[in-house]
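The following pair of complexes shares a single chain, chain A, combined with chain B in the former and chain C in the latter.
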Partner chain A sequence: MMREEHGNVAPALISKGEDVGEIRVDIPYQLITILETIYSWVPKGKIAVITRRCDEKALAELTKRNYIDEKRIIKIGLACSKEQIAKCRCSDPVPSKVDIGEPNEPVPKDDLSERLAKLSPEERLKFWVKQFRKCNKCFACTHNCPVCFCDDCVLEERTFVPEQSIPPGLSFHMIRSYHMIDKCIECGECERSCPAEIPLLTLRKMLAKDMKEVYGYVPGDPKAVSPLNTTLEGETLEDECDEC
Partner chain B sequence: MSVKHVLTTCPYCGTGCNFFLQVADGRLVGVVPCKTDEISLGRLCIKGYNAHAFVQHPDRLKHPMIREGGQLKQVTWEQAMDRIVKEVTRIREKFGPDSIAVLASAKCTNEENYLIQKLARAALGTNNVDHCARLCHASTVSGLLYSFGSGAMTNTIPEFDNAECILITGSNTLEAHPMIGARMLRALDKGAKIIVVDPRETPLSRISHLSLHQRPGTDISWINGMIKIIIDEGLVNEEFVKQRTTAFDELKEVVKDYTAEKVEATTGIPREKLVEAARLYAKTEKAMIAYAMGITQHSNGTNLVKAMANLAMVTGHIGKESTGLNPLRGQCNVQGACDAGGLPNLFPGYQRVDDPESKAKFEKAWGVQLPGNPGLTLTCAMKEAMAGKLKAMIIFGENVMISDPDLGHLEEAIEELEFLAVVDIFPTETAQKAHVVLPAGCYAEKDGTFTSTDRAIRLLRKAVDPPGEARADWVIACDLGKRLGSPGFDFSSPAEVMAEMASLTPQYAGIDFGRIDKQVLRWPCPTKEHQGTRILHTQKFTKGLGVFAPVEHAPPMEEPSEEYPFILTTGRNLFQYHTGTMTRRSPKLEREAPEPYVEINGSDAKRLGINDGERVAVSSKRGSITLKARVTDRIILGSIFIPFHYAEAAANRLTNAALDPISNIPELKVCAAKVAKA
Partner chain C sequence: MTDFRPTILAFCCNWCSYAGADLAGVSRLQMPPNVHVIRVMCSASVKPEYVIKALSQGIDGVLVLGCHIGDCHYMTGNHRTAKRMPLVQKVLKETGIDEKRMKLDWVSAAEGEKFQKVITDFVQDIQKLGPNPLREVKF
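And then the complex of A and B:
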């Protein structure tokens, strides 16, 4: 959960019986990313987490890959505010169970995606190159992402991304985008945490559209199997690769 | 099982980003950005995200050590402290208190720096106390004290967001101050014009509106040239100059000789580009200047800073929102270490040690007699050690054996000392030379405050215990003060130390830990009700009228010759930090920039038959190092660049210790060098 500390909003893990303090739900901390870091340090018992709809979907991606045991998680559903939904251009904002807040309407479209879709491929590339030139390789987009869980990151592999290059080449963002294509639940944390304010959520939304149209697959469903994890005959791979 | 998130301040550059350290059962497991922090805005650079990585590294110093038979051997705190007191007392009795020097640290908190300078002045009886500000912004302090009366950033970091023009020189902002660079990107996205003047291409210059490349060491020429253009084209802010400044006629007289032709010949900057830059800067209402070590680290660094101040005053771009002259300080607490009196001529709050009134004030407060003569600067202390006049040093958290110029001579000077004590968190190159080594607590292991480059006083909160027997520097300084028999070292917390510092430092008078726990306060903050000061010099300059300084271009102390045909300039990269003690022990940072390199222009490399990635020897009159060549067109012809982070090819083996006579800053940015295949 998040609570008021030192005049700021802080993530906090509270043990049973501990004073919860002044709870805040107006700042979108990515609690599932935080949960992943501390999960192994909480070896037993249940953990309750405040979950927005996107957090719920992130949890689905993690539990179906066995990173987190679903049975240990209690979800406290948080319905996002109108303002937050607008910021995230969120098309699916209401959690399956609402404990905090009032359900609000989704935002059906992302203006920037639509504007970019109308451009020629050359102009679209020009737009993204201009954005990527601001990248300072902080890795915030991977660091804060709830569904970025490889043990070894391909972006830290010099075959794909030469070290020390700033800005990193186009490959950095394109590899990451395609790599996340069957996991990204459009929470927008990458965009919110990007110091250069690259519209990364728009990039994800545009790719998600392709994924849906080509494979009929949308990440975030606990039961749906990613097309990347099926054989050529469409059967589920038995041993899933831990690194993709 | 315990998991907590502790809000604290980043230990790297001077931006002062806050973040949460994630602690699980006493282990630091990660960093989470603080979304509501008004400085970082919930964003961090790669160094910030890895700021937990070195803290619990196995190399941390865990026990006090004393050198015996050439080897450092583990001893008890009692034995180590006894040895320091015994040696220091012996040397002081034999050679006098001024035979001892203490180095404070830009990595220590305000409270620790306050105690360290008190240790030198009150307990040892010498003003020989200095720190690495001498190597980075000493010329900013002296230059801006002359021009404005206050040697700090005039405006604040968030104001970059709304600037309409930003002139950046001698600062590779996106690499050295990434979150300030991010603010500049935001301004750029909103349509601001960015002008970068730098001998190298930087990540920011490549997306700027105007990128000017000057020859290293020719900055006064282009600045005076720009002022002449502003005067000639009638772009002077006459009202501001008339009401707020003095000595404009003297400036006019000097800059009239800086004709476009002359400036182009000296600097290599094409005339029309300089004219465009001058017009842009002068005509834009919200125009900010940011500068860093490319301006300060010269043998005429103070004059260079004064020239920058002239430029800001002539256009009236000062004292208002999103304007001003903004030196970017490189270390987490280099601003605070200066504020807290870690300088040989100044008490806390920039009160002169040779001013009888200030001296009396501190004597009364501390209950001791104080020396009235300014002490030795760090750079002069090393020269005195070499001459055998300085006998002992106590160094807190500085790695002079990598950071200082002309390391060959520096090493000899350090070896000349009869006694050297080093307090640090890792076995640094400097600690290897010490007679006594004390293990310190790092930023994550103590409470205290850092003052960021924009004068904001930010809290550190203890997240974990120091390793082994290590102790926070403030505990060590108090213990040493008491053992040396001085009163005034009985403190039970950093908050108590700040209370004393605030009572003697007018700029900090309104600061206490309770207030800054919830609020960003920037000095001057003269009372407990005062809300701090964002913009300096709004109605009048700190010293009254701003003073124009008629400064002339002077060549660097060492110019290229037939034998040493290149100009060597040094600096940083994004992934490493200073002498690398912390970043090189952070795997993700080290992976990105694991080895030393020299950047050389493609045409120069071709002429010398050097290929990209090949090993080369780079030499100056003072030494030689071997490292990889990085062939690039991002540096101008005739210049080479080496980052100074790497001990295995320390750039400072080559640099020149020529000093600016006013601030004693060394000329780290320019020396003559040659390059050959290794």
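And then the complex of A and C:
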């Protein structure tokens, strides 16, 4: 949960019968990213976590890939406020079980992605080159992402992103876009944590739309298998090989 | 753009397409010399990163050639490629690079003529598209 202490808000884990303190639910922090870290520290017992709809979808993606055992997680559903939904341009804001807050209407469209879709390819390239030039390779988008879970990140390999190169070039964000395409749950943490204010959530939303168009797949469903892990006939393959 | 000579990478799988390319060469089929063939063990070992990196560094076009579906030496390798590459094209499209600069096709070891046709057609397509705009972009 998020707790306010000495005027600052930070994630907190409470394991004893202590006073919970002042809980804040208005800050869209990805608690699942924290849960991934502390999960191995807590060898047994259950962990309760405040989950928005996006957190719930992130948990589904993680349990599907055997990073987290769903039986050990208790979800406390949080419905986002109207302001928050508008900020995330969220199209799916209501969790399966609402414990805190009132369910609000989704925002169906993202203005920037609609504007970009109308542009010619040259103008779109110009727009993204300008945006990606602001990138200073801080890896905030990667570290704060709840569904970025690989042990060895390709973006830290010199083959794909040269060392000592800032900005890292166009390929950095394109490679990341491809890697997120079957996992991204559109929580918007990449955009919020980006110090250069690159509209990364817009890029994710555009590609999520394409994914839906090509394969009819929407990440966040605990049962559906990613089309990248099935054959053309739909049989499930093993997870992608990291060696090749 | 008749004097534009594109630079093209072709990832060919060891078991089918590379042998197909070999056959095309042995049969002395004429084709444009703009293509650099890279032999890979399977079309599935062509990571999408390779395609993205090549294009972002100014290569004009990338061909990925593999065995026909059902003929893969590793049973389901080309299924993976077939699933991945449309998404790579979407990533290219959304960032403003023409998705036609990346092409996936299947060439078997016996199809020297098909290899010639695929190469010739792709080089013509890329000539129509012109140079990769990212050649000019400096980061």
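Basically, the second predicted complex is superposed on the first by the 235 of 244 C-alpha atoms of A that agree within 3 Å, B and C clash if a C-alpha of one lies under 4 Å from a C-alpha of the other, contacts with A are read in each partner's own complex, and residues count from 1 in each chain.
The rule we apply is simple: contacts are C-beta pairs under 8 Å (C-beta built on N, C-alpha and C of every residue); 3 or more make two chains touch, one makes a residue touch a chain.
Note that this is a predicted model, so its numbers are computed, not measured.
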Considering only the touch criterion stated at the top, classify A:L125 as touching first (chain B), second (chain C), both, or neither.
second
Touch test for A:V9: chain B only (first), chain C only (second), both, or neither?
first
A:R133 contacts which: chain B (first), chain C (second), both, neither?
both
Of the two partner chains, chain B (first) and chain C (second), which one does A:M206 touch, if any: first, second, both, or neither?
second
Is A:P167 in contact with chain B, with chain C, with both, or with neither (first, second, both, neither)?
both
Touched partner set for A:D69, first chain B, second chain C, both or neither:
neither
Is A:L228 contacted by the first partner chain B, the second partner chain C, both or neither?
second
After superposition on the shared chain, which partner residues are touched by A:N144: those of chain B (first), chain C (second), both, or neither?
first
Chain A positions touched by chain B in one structure and by chain C in the second:
133, 167
Quick check on the complex: what are the chain A residues that touch chain B?
5-13, 15, 27-29, 34, 37-38, 41-43, 133-134, 136-140, 143-144, 156, 163-164, 166-167, 192-197
Could you pull out which chain C residues touch chain A in their complex?
41-42, 44-45, 47-49, 52-53, 56-57, 69, 76, 79-80, 82-84, 86-88, 90-98, 133-134, 137, 139
Taking the touch rule as given, give the residues of chain A at its contact with chain C in the complex, in rising order.
116, 119, 121-129, 132-133, 154, 159-160, 165, 167-171, 173-175, 177-178, 181, 203, 206-207, 210-211, 214-215, 227-228, 230-232, 237, 240, 244
List of chain B residues in touch with chain A within their complex:
1, 3-5, 7, 18, 20, 22, 24-25, 27, 29-30, 32-37, 42-46, 48-49, 174-175, 178-179, 181-182, 185-186, 189, 203, 206-207, 459, 517-519, 573-575, 588, 591-594
